[in-house]
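Input: structures, listed below.
Shared chain: chain A. Partners: chain B in the first complex, chain C in the second.
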Partner chain A sequence: MKKTAVSEYGFINAKLRARISSMLTDEFKTALIGADGIEAAVQVLSSYGYSKASEKWNTTGDIQSLEFELFKNHIANYSMVMKNTDGSLNGLINVLSIKPEIENIKSVLRLWYGSKLRHSPINYRSAYIIRERIRENIDWNELINAVSYEDIISVFSSTIYSEIFNNEAVIDTGDSLFNVEILLDKLYYRMVIEESYKLKKNDNDTLNEIISTEIDLQNVSWIIRYRHFYKMDTSKLSSILIPGGHGLNIELMDNISKEEGAGFAPMEILKKSYPELSSLNISNKHNFSAQARLFEQLLDETRKRKFTTILTGYPFTIGVVLAYFFISERELRFISSVINGKNYKFSSDTIKEMIR
Partner chain B sequence: MSLFTSRMKLLSAVVLESRIDAVTSELLRIGLLDFVEISKLFNTDDFSLKSGDSSLYSEISALRKKLEIIYNNAGIDTPFREELNIGDMTEYKPDYSSEIISKLNYELASIRDKQKNLHQEYLKLNEISNYFTTSGSAKDSKFLIVSKGHPTRGNFSDILKNLASIPHFGTDIPETNNFFIVSLRRDQSLLNNILDKFQWIELDEQHYGEEETNHLIDKINKKNSMLRQEIESAGKQIAEHIILKKDELDSLWKNLRLHELYSSIQNNFSHTVNTSLFSGWLPADKVLRAEEAIRNASGGECIIEWSEAENFSRENVPVEIRQPKVFSPFRMLVENYAVPEYGSIDPTPFVAVAYMIMFGLMFGDAGQGLVIMLIGILGGRIIKKAGSGVKNLFKLFIFCGGSSVAAGILFGSYFGNELFPAVWFNYHSVVSGNAEAGSSIVDVYDILKITIYFGIAVIGTGLVINWINLYRKKDYFNLFLDKSGLLGGWFYGCGVYTAFYFVGTGYKVLPDAGLLTIFFGIPVIILFFKAPLHFILHERDHKQFGIFSLVDFFMEWIVEILEIFSGYLANTLSFMRVAGLGIAHVSLMTAFDTIAAMTNGAASVIILISGNILVIALEGLSAGIQALRLNYYEFFSRYFTGKGIAYNPVSLRNRKQEG
Partner chain C sequence: MKAKKEFKRKVVLSIVFLVALMGIFSFIGTDNLYADETQEVVETGSANLKWGLIAASIAFGFGALGAGIAIANVGSAAMGAIGEKPEIASQALIFVALAEGVVVFGFITALMILGKV
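For the complex of A and B:
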């Protein structure tokens, strides 16, 4: 029997909405940012239901252990949602869980890269890598103990990542893990978009709307990093952009490169896809960094607004599930940033500025 | 015990600046004044008054909170409020206080740092240990390398120091000059470099004996557990370090708290060159005590004025409720909703009666009620450190349990069985369709009828309370014309009469037209004039009359009529849930009895016990929530404005001011 939207989303969305209502509340954010020092911040965490994470701090005094506990909790959210869904929705969550898996892979690769190519031993830091299965069958012990790049290829050989790692050029010895990280992100977005076709039309539209903004956000962030700070060639830049966003795609980047003389202004193009941003006055095309950062902030705001609209609208859609993962990820980043800020004895105002 | 909120008076006083400290101490000692800034009460534009400086208060408050974080770290409580004594207050030394807290924080941070380093050492060794466990031995693990040998240059401990940046474990081999070093294959090149530096002589693999391997594993396990103990002990050290200084901290906390309260009082003072002015609310029966205290502290050099609460908007007068302690769980329920408006009837006793009757009707079983009572009594005794909320919750359990016991005796239900004959009627028999002969209640409709009568009584009581409140407030407009006023009451009374008349005739005949005209026709016409009258009395000064005003009047009239009819009907029928929950309770018990009867021996007993546990947990919770809901929505909506603000005096015992 074909499932209705109510039977598909009734239970899980009610559960997630209940959780969302207590996540990242203004009261919690104010209390955490306003906490006087790391000990006070941990006590705030404890009183707002993050008792496992605060317990980690109390028993180890190690901020990375606390963050690791939060990351484990974030991953557990995916498993919880998967357990309570089936069909195409379950398939999508399965694909979405690639995101934290990629984060874990990136963490291992950074440690490996630092150890092998920069001669900075992994030391105790391997303890902050998730070793349980997230989605793919990856032997994390093998990965963290890889002696050569061949070992890494072997670990990923029967996973969706094999194609990426089979091409040795992805680990750019002279530079960084730049190539591999980009390919992993591209793989994730490609798989999400492919999976979205299996969803009902409404859900497909919602997912595409959200994912496109996320892709744009990611692309803008790369443009800032590689074009502005590392002066990357436009054609190379266009090749790293993730396809599928609303406004910045490879074709447009090619066109932009032809008009390089007129000033490099991808933000002008992005504005066409986000009419709400068109009121921005970006007259100085050469003040690229400032305009890009502004756009990054505004896109993020746009994404937040989209989720707010989802949460106040029709309740039986995939939007609530997406909003949940979005908030869960944001929560993780927010707590990590504030706790680290507190650990470095930054003032509340500085932390506020940092997390803006 | 008072039916109404306590009568309040506003004190306004002027004292000489030179007496301000003595007066502040005295005000803190008596702890009666809920301060109000002078500028909020009177127009002070014509005077050049300086407000109190709040920076000192903020500074002390921040220090106290810092100190409380330290207390929390050790899992200990701050001193009891009862231990605060104004006579113990010593000079506030900000540098001294900050220094104690900073020094302690620094010491704690050092312990934390040590704890973190130990933990990271543990993580390193644990990785090695884990690979050992999964592979059975170091030799068999593809991630581990074991070196056995000895240095010919330098000594072994220097090698270990050099290996600090990688996970490793090193130990001597008893009765030999050799050593073991276990490390990770991924760090092999670093290890080799270090071993080369010390001209390490590696022994052949065949030199590995089982005994030596066991020795190695034993040593790793011992080191691992030692590190775990050290980490744990570092955690305990934090608490112990704090507890060791508890006396010093207690004395600092008390002094900070006293100064915090002291400065919070002085924050409310306004100043001229030579005088200080302050104002605050207090219960009318405490007036003499407050006046005497201020006069004594100021050496008689003061001016005190008293103002009646009636001269102020009720919403600005703080509310003190005095009820016997026994009502505390019900007061919690009321305050959880809102604070009653000043001068109105305190709903607590009414809520207590209504809540218990509702709970009893929904959960009428003497045996299960006794269990709930026991949970309440034991819970309160076991969790002695619980806050007032939890304590009140346990007290509520005792009340609810008591109510169930009483209802169970009336309905002859003892763990779902009729151990003794019902005093009123047998609920189980009625629900199962076997009502006893001669019983006044024969079927579920009769039970529904009881709850409807009860609902009418509750709503009626709510209406009467509202009329008394409005009369005391001199709000005659709403007293006569509001939907919960006399006109609303008339509608409700007539509606109830009409409904019962109609049901009494077998749903065939309504009262005659003349009566219906008096019941509903005339009040509906009167209601038509409500909106225009309200406009003339309250709105015409700031709102213009126009054609749309007429439309507004008409719409308001229609909406109000609909609201009155549908609202009262829904509110009354809502009480049928009381019967619904009662019937569900009986049905569940009957179901478990039937299942138990299908088995025998231990299985039967287990089913009955688990059935009773389930019913107590599930139905008890449902009945508690539904009783609360009926009070909040059906009862409170008739009279409770919830516009009050709680009386919150600055006192040594008041926890509410500890932000």
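For the complex of A and C:
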């Protein structure tokens, strides 16, 4: 019997909506930012459902342990949603859970890279690595303790990441982990797009809209960073951009840049998809950095608005699930920023200004 | 997944069995009713009675089925929300009760039909 949207999303979306309604509330934000010092802020966390993280801080007094607990909490969100779904929705959540796994892989590889190639001590940092299974069957201890690149290949041999690590050139021993990190991100987006075809049309459209904006945001951020600040050459930049999104590509950008009186090329391309970007004028070379940041912020705001629209619209779609992960990630980022601000003894006003 | 499929199969089987049983008993029951009537009543009244009983059972049966489907959806959503926010239990139960109302309408309709036959 084929499931209807109501029976597929009734339980999980009601559950997630109930959670969303108590996430990142003004009351929570005010209480956390207004807390008098880090102890008080951790106390606030405890009363808003983060008792494990707060307990961790109370026993260790270590802010990274607290952040580690928050990250674990984030991973637990994926498991919870997966347990309560089935069919194509479950398959998609399974693919979405690659994201935190990739974050963990990046952290481990950075440690490995620092330890093996730069001979930096890793004992302290390795305590903040998730060692439980997230999605793929990865032996995290073996990965951290890998002696050679062959050991890394063998750790990933039976996982979806094998195609990346089998190519030895991905870890540039003289440079950084840049290549491998880009490939991991690309793999994630490719898998999400592939999985989206298995969804119903309505869900597929919603997911594509959200993922396209996310890809645009990621690509714009890389273009700003690598082209305008690090002067990366066109072919290299072209190869790192994530396929998908709303047609951002380097050749088109180059053609636009050659035109008389043309503005910031990525914005010229994306203006068709995001009309609200038209109000921004990034041509002032002197204040490029601030304008580019504003451009990123505007795209991020657009994404936020899309989720707000989803949450106020038809409730039986995948949008609510995606909104939940988005808000949950945002909440963790918010907590982390405020707690760090409190740790550096910044005033409430400064913190408020910084996270705005 | 396998357990879920097995559960689904059992539910479908029990519904089919129940419907079949209801059908058999209703026909046996109506036959007995005809037996007590005189020949003339059988000719005129039995047709009314037969269709009246079928109409009443359809009204009640579909009402109950509709309520079942509605409660399954509303109830699961309510449970999901209550699990996260127990304070909304009373509000959520109102919606479950609204779905339950569908079977009451079916029941009343069935009674009204039975009153006419």
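Definition applied: the second predicted complex is superposed on the first by the 334 of 356 C-alpha atoms of A that agree within 3 Å, B and C clash if a C-alpha of one lies under 4 Å from a C-alpha of the other, contacts with A are read in each partner's own complex, and residues count from 1 in each chain.
Please note the rule applied: a contact is a pair of C-beta atoms (placed from the backbone, for glycine too) under 8 Å apart; a residue touches a chain by one contact, two chains touch by 3 or more.
Quick caveat: nothing in here was measured; it's all calculated off a predicted structure.
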State whether A:86 touches chain B only (first), chain C only (second), both chains, or neither.
-> second
Between chain B and chain C, point out the one touching more chain A residues.
-> B
Does chain B (first) or chain C (second) touch A:12, or do both, or does neither?
-> second
Applying the touch criterion given at the start, work out whether A:21 contacts chain B, chain C, both or neither, answering first, second, both or neither.
-> second
Can you list the residues of chain A that meet both chain B and chain C?
-> none
Show which residues of chain B lie in contact with chain A when the two form their complex.
-> 62, 65-66, 69-70, 72-73, 105, 108, 111-116, 119-121, 123-124, 126-127, 131, 134, 142-143, 165-167, 184-188, 190, 231-232, 234-235
Complex contact set, residues of chain A against chain C | 1, 6-7, 10-15, 17-19, 21-22, 84, 86
Chain C residues within the chain A interface of the complex = 1, 4, 8, 12, 72-74, 76-81, 83-85, 88
Counting only contacts in the complex, chain A reaches chain B at residues 36-37, 39-40, 43, 58-63, 65, 115, 119, 121-124, 126-127, 141, 144-147
